[in-house]
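Dropping the structures in below, format is structure tokens.
After this come two complexes, each holding subunit A, first together with subunit B and then together with subunit C.
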Partner chain A sequence: MTTPMLEVKGLSTKYVTRFKENVYAVDNVSLSLEEGQSLGIAGESGCGKSTLALSLMGYYFPPLHYMKGDIIVDGKNISGLAPDEVRRSILGNEIAYIPQSAMNALNPTQKIINFIEDVIHAHNPDMSKMEIYQLAAERFETLGLSADVLKMHSVELSGGMKQRTVIAVSTILSPKVLIADEPSSALDVTSQKMVIKMFRELMDKGFIKSMIFITHELPLLYNVTDRIMVMYAGRIVESGTAEEMVFDPVHPYSKGLMNSIIVPESGVRDNKLTAIPGTPPNLKKPPSGCRFAARCRLATDECRKSEPKVQHFGSNRNYRCRLTEAQLREEHSND
Partner chain B sequence: MTKTGNNEIYSTEEKALCLSGKGVTKVFGSGDKKCIAVNNVNFKFHEGEFVSIVGESGSGKTTLSKILLGLLNPTDGEIFFKGEPRDISSIKKRKEYWKGTQAIFQDPFSSFNIFNKIDTVLLDCLKMRGVKRSDKQEQVRLMTEACNFVNLKFAELTNKYPFELSGGQMQRLMIARIFLLKPKILIADEPTSMIDACSRATILDMLLKLREEIGMTIIFITHDIGLAYYISDSVYIMEHGKIVESGLADEVILNPKAAYTKRLINDVPKIHEAWDLDTV
Partner chain C sequence: MKGYRKYFGKKIIWLIITFIAAVLLNFILPRLLPGDPVAVITARTAQGVSEASAVKQIYEDYASKFGINKPMHVQFFSYCKNALKGDFGLSFSQYPRPVSDIIHDAIWWTICLQFPAIVIGWFIGNFLGVLAAYIRKGFDKILMPIFLFFSSIPAFGMAIILLVIFGIHFKIAPTSGGYGFDLIPSFSFKFIGSVISHYHLPFWSIVLISIGAQAVGMRSMSIYELNADYVKYSRFMGICDRKIVGYVFRNAMLPQITGLALSVGTMVGGALVSEIVFSYPGLGTVIYQAVTMSDYPLLSATTLIITIMVLIVSFGIDIIYAFIDPRIKAAQFD
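Take a look at the complex of A and B:
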């Protein structure tokens, strides 16, 4: 059996507010990512997707704190490493991260090549400027970006171009895992498509070995990722292949999310969109029992009292609910 | 005749004209820096119609929405309000026009005055509507009704500032404002682009409910042709300031004629059809 590129076991992290309150944003998350695989993480705003992305890098700084769990990158456990060690040896070459609105993070006074020099010098201080330029120009050309972009300032680039440049800079060291947090949300549909095409090229050409893609846009996840995990209130509530999750969700929350899909296909206008009533719980005091119970139409007193266990079915389908697969399917068929 | 997102049969045939424009043009700058943001655009929006204006970034849709709202004057062309030429030449006339024409903007975080509490925001709307200041009971009743309409609890909102709410809640508060003002025309400029897919479903649902309740014309600006298809009766497709295709949503999106419309549809990820990434 091959070693997974990323393996996470029981990871829990929290935010500590300035009033010393704990916000349990990621609770007991486990996942595995093989070479060449892409994993999508879906969920509403405030369900812990972005915190999970930050936590996966093993680079913690206040207000985010590590609580427990293991993060294993290509066989190496990074969860116990000091922040400086993580920055020096992990970020950039083992795990690369593209945050939300990454394109706004480019310093307008610097040329694009300067960002690349910074990234490479942090890991390989002996590399000359000429070598860096040659490497960057070749990589940019391969990814369909002109090498002229390297000599430009960020203000000279359009939104879509800036985002693609940020992706190319972040992956210049060919990381084993790329974590992209809502990389295309601020772009129009055409620029979004170019960004997605670039991710696919990065995978196909082996510049990144695996990818975690976070977004609330389900049609996008369906087209980009192999597997999808649905997150709610800091926990993974269901996971399966992209096909299974979009066309055959089992957990009531995943089912609700899939009902919000809008695509320009015939028949879409006949289906009424159904929003999930209510809002996610406050994670300072997570509810006892199932965290989704307050919004779930199938919830009983039992759900509110005891924590649901993770159940398995099919080849690799997991969901967290008290009801059996057959009971859930029957309820969904009555909708 | 067409079927809309809420399964109603819609027809423009018997509806009266609400807002229309002939040869509307907006030019920014001059000489080498001249930019024609809106180029000789004609449109007809009917009463109670849900119409979407779709295009990429920079296609001129927000400039057109600002012209419709009266925030920008067109360089050329004329706008007609209920069949008569629109006159917003003085502040008084403009204020009168805004009583009947309201807007929801893209960024809910910058749509509110951060120094005003939520009750002040809603009270301003009641003032515009002419509700007496002395009638406190009526004020609270109307504000509670508006908050209930958007699934917010008025009792929990009093004494809060808008920035204490989430993006989705703020956008719902904007809709509560519209519910109180009951305008004839609502211009919604990408109201769902900054909120998640789940809150988006709620907002779209509320816009449809608003149209049903008040019978207003809704002009929905978006770059997502999938959204436009789901929610609108008719669509206008804009490219480089020009309308390249328009018509009933079903006809335009399921059977597009213009190459640009085809491209926009092709650029959106789908779930039942393959997404062609090679044609970018």
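Take a look at the complex of A and C:
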């Protein structure tokens, strides 16, 4: 078996508020990502997706704090490294990040090429400006962006162009893992399509070796990713292949999440649109027992008292619930 | 380049309009002051002359010499014509010394005092502001109240504080003048040394004020910028913090440049008054004398000079803006 590109074991991080309260935003998350694979992380807003993205990079600054767990990038454990070492040897060239608000991610008073120079010089101070320009121009052209963009400021680019520029800049050092946090949520459908195409190209051409794609748009995940994890209140509640997760979710939360979206393809969902009642719990004081219990239709006193264990079935399906797969399926079919 | 030309063209038109308005106001306002300065000079000259017709003769002679017996608009045009030649007429209070001569003596004192003080204060203030925003904690908690204190006292207030502490209490700096009273201006070591020792107190009174004002503004701008998305993105692309602080400085500085233009503009109200406190031989002291003596040729000439300085500085800053903020350039292409 080959070493996974990214392996995370029991990662927990927290936010510390101004009043010294702890908010446990990522709680004991484990995942594994093979070369050539793309992983989707889904969940509603406030469930810890973006925090997970930030936590995965092993580079923490307040209010986010590391608590425990290992992050292993291509066989190398980075969670014990000094922050400056992580910055120099991991960020940008091993793990790259595309922020949620790529529209504002570029410095307004800097030309794109100058930012690329800074990024490359942070890892490889010896590379000349000429070499950087050639590398960047070639990469931009390959990804269908004009090399003229390099000489521009971000204000001169349209929203979709900014987004694609950020993606191209993030992957300029051919990272092993690309973490994209809602890269398409602010875009119109055409631009979304171009962005998705760009991710495929990056993967096909080997500019990135694996990808984590975070979004609340499940149909998008189905199109882009191989595996999907559903996150709730800082924990992974269910994982499986993209197909299984979209067509056959088991956990009541994933089920609710799938039910609450409009999928235009016929046969996927003939039921009427339903939403999950309520909002995610306050993670300053996570509820004891199952975190979803307060919103779960199937919750019993038992659920509210003791934490459910992760259960497995099929080839590689995991879910966190007290009920068995058969019990859950029966409940779902009663809808 | 086309965008730049349009931008500069617009700015130059505004510069000319403001200039004309400033010249007009400069001419009219001092002449609306109460009191008849010619009568004062006449009284001085005619001391001991008792014959009324002789006094009247002297008065009329002065009136025609200063041109105040002509209608206002005629005075204005001859004023403009002469001003273009650098001739601002004769001073009333130091008659018969020409105004241009008085200004020529004073202006370099002011320029050499004010501009370095404002610019150095601006740089130090902004640098400390961005550091306070970046380091926070104790550095910020100690410096912020000091900045606030400095920025809220006027320059002359600071001048008096420094004067009392260093000039009177510790006696380590001279309390007034631009150089020792026992010297005449020359290029000797003694004279230059004296100028430098007299320079300190007025200089620091202005520098401290501008450090305070700039640091307070820069700190809050930098805190805002430090939370911007590009900072987070740059961090996660592995760029070191020193470079990111550079980005933040560059972006937070933009509104501060407007602040620089404004501080040159408010120089008259604040910093020039500190010249008076130290009896510094600059324009501030000259203006003060001109006001108290109703010397309006001198007054309108000095205010005109200051107006021109402020206009040139703000025009220069507009031009600099176009080069350092790409958004302004981009807006011009629309």
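Going forward, the second predicted complex is superposed on the first by the 326 of 335 C-alpha atoms of A that agree within 3 Å, B and C clash if a C-alpha of one lies under 4 Å from a C-alpha of the other, contacts with A are read in each partner's own complex, and residues count from 1 in each chain.
Following the convention adopted for this analysis, contacts are C-beta pairs under 8 Å (C-beta built on N, C-alpha and C of every residue); 3 or more make two chains touch, one makes a residue touch a chain.
What you see is a predicted model; the values in this text were computed from it and never measured.
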Subunit B and subunit C placed together on subunit A: clash or fit? fit
Looking at A:Glu156 after the superposition, I want to know if it touches subunit B, subunit C, both of them or none. Which is it: first, second, both, neither?
second
Message = Between subunit B and subunit C, whom does A:Ile276 touch in the aligned arrangement: first, second, both, or neither?
response = first
>> Is A:Arg88 touching anything from subunit B or subunit C once the two structures are fitted on A? First, second, both or neither.
In response: second
In degrees, rounded to a multiple of 10, the angle subunit B-subunit A-subunit C between CA centres equals 70
The answer to whether subunit B or subunit C touches more of subunit A is B
Touching partner for A:Ala122 - first (subunit B), second (subunit C), both, neither | second
Inquiry  = With both complexes overlaid on chain A, does A:Lys193 touch subunit B (first), subunit C (second), both or neither?
reply    = first
* **Partner chain in contact with A:His216 - subunit B first, subunit C second, else both or neither** => first
Worksheet entry | subunit B versus subunit C as contact partner of A:Glu44, first or second or both or neither | first
Practice prompt. Tell me which partner A:Arg317 touches in the superposition: subunit B (first), subunit C (second), both or neither.
Written response: neither
Min C-alpha distance subunit B to subunit C after superposition on A, in Å, is 7
Seen from subunit C, its contact residues with subunit A in the complex are 228-230, 232-240, 243, 247, 250-251, 254, 324-327, 330
Listed in rising order, the residues of subunit B that touch subunit A in the complex are 3-7, 56-57, 151, 166-168, 195-202, 204-205, 223-227, 229-230, 249-250, 253-254, 263-265, 267-273, 275, 277, 280
Subunit B partner, complex, touching residues on subunit A are 44-46, 159, 188-194, 196-197, 200, 216-220, 222-223, 246-247, 256-257, 259-266, 268-270, 272-277, 279
Per the touch rule above, subunit A residues touching subunit C in the complex are 54, 57, 59, 61, 87-88, 90-93, 96-97, 99, 101, 104-110, 115, 118-119, 122-123, 153, 155-156, 166, 169-170
